[in-house]
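Letters A, B and C name the chains as they come in the text, with residue numbers starting at 1 for each one.
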């Protein structure tokens, strides 16, 4: 009995080792290359490893590999957003384990720039593709003349809303935030659903809302890399946070983290009448099962404004491809960063499923793109809402410790949601925490 | 070590036979309350598993709109859900499952082998430095595995060992509690006379160990093996810290990755929550089967743990 | 030679001349080391070395805008004055104080019932109660997390709109206690049960002759007999609880912010290391937590007068 058990165990271990084929599991980008989530078409071409998480990446990579004979992409996803950044950070600290090319949201570029983890692409032809992008998008990826990533997509924001609910309560999309609050109250008083949601796990979204009012959270320039200006508790920031804290207090908006099971359930069940969100959101909502027949109809309008005579467009999310300093062939990696997700077929695959809002001007100008969109029931949402919003976006400075900022922001937003802090207190507490952290990291801080 | 409660009587390691007269007598006296209590516990311990099974049979739409979370939805979609699970992302889930098996068995077998040898060494030899090593062993029993993760990570990171299977397997070879269990068991279950007899017959120390001691240690070996396999199968923190390449993830870290993606942005065009639920269900199947089929070993083996 | 002396079943020692005997013993000593050595190597490589290395790292500091500098014990000073760390320690200490009695009560009661009765139903219960031990903590936490979600889980279907928000900041503590109790009570139950089964049954008969009933036998006879098992379980539960990581880490993404990166010291150290690359401070936090754990165990041992006798 014992012998049989032992034999079985040994056999299973052997089989597993054979199957996983990782008996020799080497480290670094070698291991990344042997474990692609896609097939390599040109077996003899040099391979560039890529980390990226976009839902249609497999199509995008296949497109790239089919169109190139001199280089092939080996793609894998190690997590979305923060999860990937943690892996990137760990590999940067370890000095090994990074892929050649990595997908990073524009707001996280300075975090890795300051650690010398990214390659300046201006030496590798980045400026050749500069004309494909708007000035705002290009500013987000550059520091002076240096370019640290190639933009893929952006997140111009609009007010996504349930047209059937709006109709039922006799309201039209609010043009100002004052109207937004008044409509929210009107709908609630009539026994309707909540008007939106302040998700503490979407700090980048709330930051965009603050910026719309004129807040400039950070001023930071890699040329003066030890100095940073932090202002997250100026009047504009405080007013926006107070505004949302008020909506929360009056029960006009929800406090559930976004994209949790409860939030998805709420969106499907019609618990939220609006979602002030980015152009890539519809694809993610569809993926979660929202917007299918029988669960309400969705539309989008321009973001409500603080000062309608002087409208401000803001951006939430959007990613780039950067080349890491651990890339073995930086020129080749740069070629991938510049060419991946840049061909018309990939871009169209992304925007037609509304999982990306392309920043490439060719895509933006194409007639198809300006046509009707699926999710919004035939609205020409790109043409009317998102393209103007994107064109008006000017770019901004991000902190070299954006992950830390978001984590702390999430903390105070949670406290706003639980009514433990007012907007003023939240902004002040956040400011204090960030200043202290920046100083402990050796920065000269201006407030 | 000499205190009587640690002395394992051979009888402890045999499955209990018929219930004694005690049990029968008590049952006769109306044991409604204890039975109600057990019934309540069964419901409590099974509810999450029941929910998991029911949820695994719902499609994405049903999952979010079904009127009852604890009962079946409109359709029975277990099979389509499982086929989604096994094909999503090139069948990465199956890979995670195999990785988990590899880490659990390699770590478990290795740790057990080391524990058996060391336990025997400590119990049967008065080598120099034994006292000091023994105190270190006792001290390290108090150091939980999680406390070592970050130090081990930084250490491995500078050695270039992170993000390999060894980064998960090697640290899980360390099981001081297993050594301690083997030590206690060996010193009581392997009589000195038997060893002396074998030595006198001219057997070398290793032959003595293999032929005389090892068969006697079987119940304890099974226990230590089961304990370490389960601990490695369930491990989350260590592989989470060590691994970046998702092809090396065990099931726990893989499902954690999906959960993070799902709640960040729902992983884009795919309802990951459904996959997570089906993935949870499948991940508990191997160990539950192992538990049910190895019941005899648990019952006998865990008495060793009870020594303590 | 020794072979000529037949092994006798009695305790009679083989006789040989003193010189040979001593060298044989010397050999046996070395052999003892050989048996211990494989584990010893693992012990040094994966316990001693990482700890020493982390201790070394914890004496330095590295900022984003500065290089690495030697800072002595200032990371420890920082840790023990860092409200994030101290609140985390307070959380896990309180957690242990609430969790362990609950867990003990459930597993002891279950073990006593299972020990006193015998039927198919009882054997089935034993298996079902033990089952969660076979389920990874990650999965257990996820399942409960889904059940806790007010509208996704069954709560609102059962309690309507006033369903308790089990993941809210005021309830998260109890929610976590429940997850951990569910996960581990069965395992502890089996350990106690095995100890109960090891008690000499004739003791019960004697007690019954003296007029004791089932409850009295359970409480006055069985519980004291398994006290050492209970103490050991408490020590292990205490160590595990103070190092609390997996369950809150898994529940965090669906907790609407009730679980933060500083909720427990281990999560805090993890986020310092892996989100912000503060490996130096994270190492110091790991050690600081280790110190807290040792103090807590010492206090517990002292309180139960089991000092030093628990494992030796």
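Convention: a residue touches a chain if its C-beta (ideal position, glycine included) is under 8 Å from a C-beta of that chain, and two chains touch if they have at least 3 such contacts.
None of the values given here were measured: they were computed from a predicted structure.
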{"item": "Those chains which touch subunit C and also touch subunit A", "value": "B"}
{"item": "Inter-chain pair with the most contacting C-beta pairs", "value": "B-C"}
{"item": "Interchain centroid distance [CA atoms averaged], subunit A/subunit B, Å", "value": "39"}
{"item": "Gap in Å, rounded to a whole number, between the CA centres of subunit C and subunit B", "value": "13"}
{"item": "Residues of subunit B whose C-beta touches two or more other chains", "value": "64, 158, 260, 263-264"}
{"item": "Shared interface positions of subunit A, touching two or more other chains", "value": "82, 90, 93, 201, 257, 260-261, 264-265, 269"}
{"item": "Multi-partner residues of subunit C (at least 2 other chains)", "value": "146, 152, 253-254, 274, 279"}
{"item": "List of subunit C residues in touch with subunit A within their complex", "value": "63-66, 146, 149-152, 168-169, 253-258, 260-261, 271, 274-277, 279"}
{"item": "Subunit B-facing residues of subunit C, complex", "value": "2-3, 5-7, 9, 11, 13-14, 28-36, 38-40, 42-43, 45-47, 49-51, 53-54, 57, 106, 109-110, 113-114, 116-119, 121-122, 124-125, 127-140, 142-144, 146-147, 152-154, 157, 182, 186, 190-195, 197-198, 201, 204-205, 208, 214, 226, 228-229, 232, 235, 239-240, 243, 245-246, 249-250, 253-254, 266, 269-270, 273-274, 279, 282-283, 286, 289-290, 293-294, 297, 309, 311-312"}
{"item": "Touch list for subunit B against partner subunit C, complex", "value": "1, 3, 5, 8-9, 11-12, 16, 19-20, 22-24, 26-27, 29, 31, 34-35, 37-39, 41-42, 44-49, 51-52, 55, 64, 67-70, 113-115, 117-118, 120-122, 124-130, 133, 136-138, 140-144, 146-148, 150-156, 158, 170-171, 173-174, 176, 179-180, 193, 196-202, 205-206, 209, 230, 233-234, 236-237, 241, 251-252, 255-256, 259-260, 263-264, 276-277, 280, 283-284, 287-288, 290-292, 295, 298-299, 302-303, 305-306, 308"}
{"item": "Sites on subunit B touched by subunit A in the complex", "value": "60-61, 63-65, 89-90, 92, 95, 98-99, 101-102, 105-106, 109, 157-158, 160-166, 218, 244-248, 257, 260-271, 273"}
{"item": "Of all residues in subunit A, those that touch subunit C in their complex", "value": "82, 85-86, 89-90, 92-93, 114-115, 200-201, 225-226, 255-257, 260-262, 264-266, 269, 271, 400-401, 403-404, 407, 410-411, 413-414, 417-418, 440-443"}
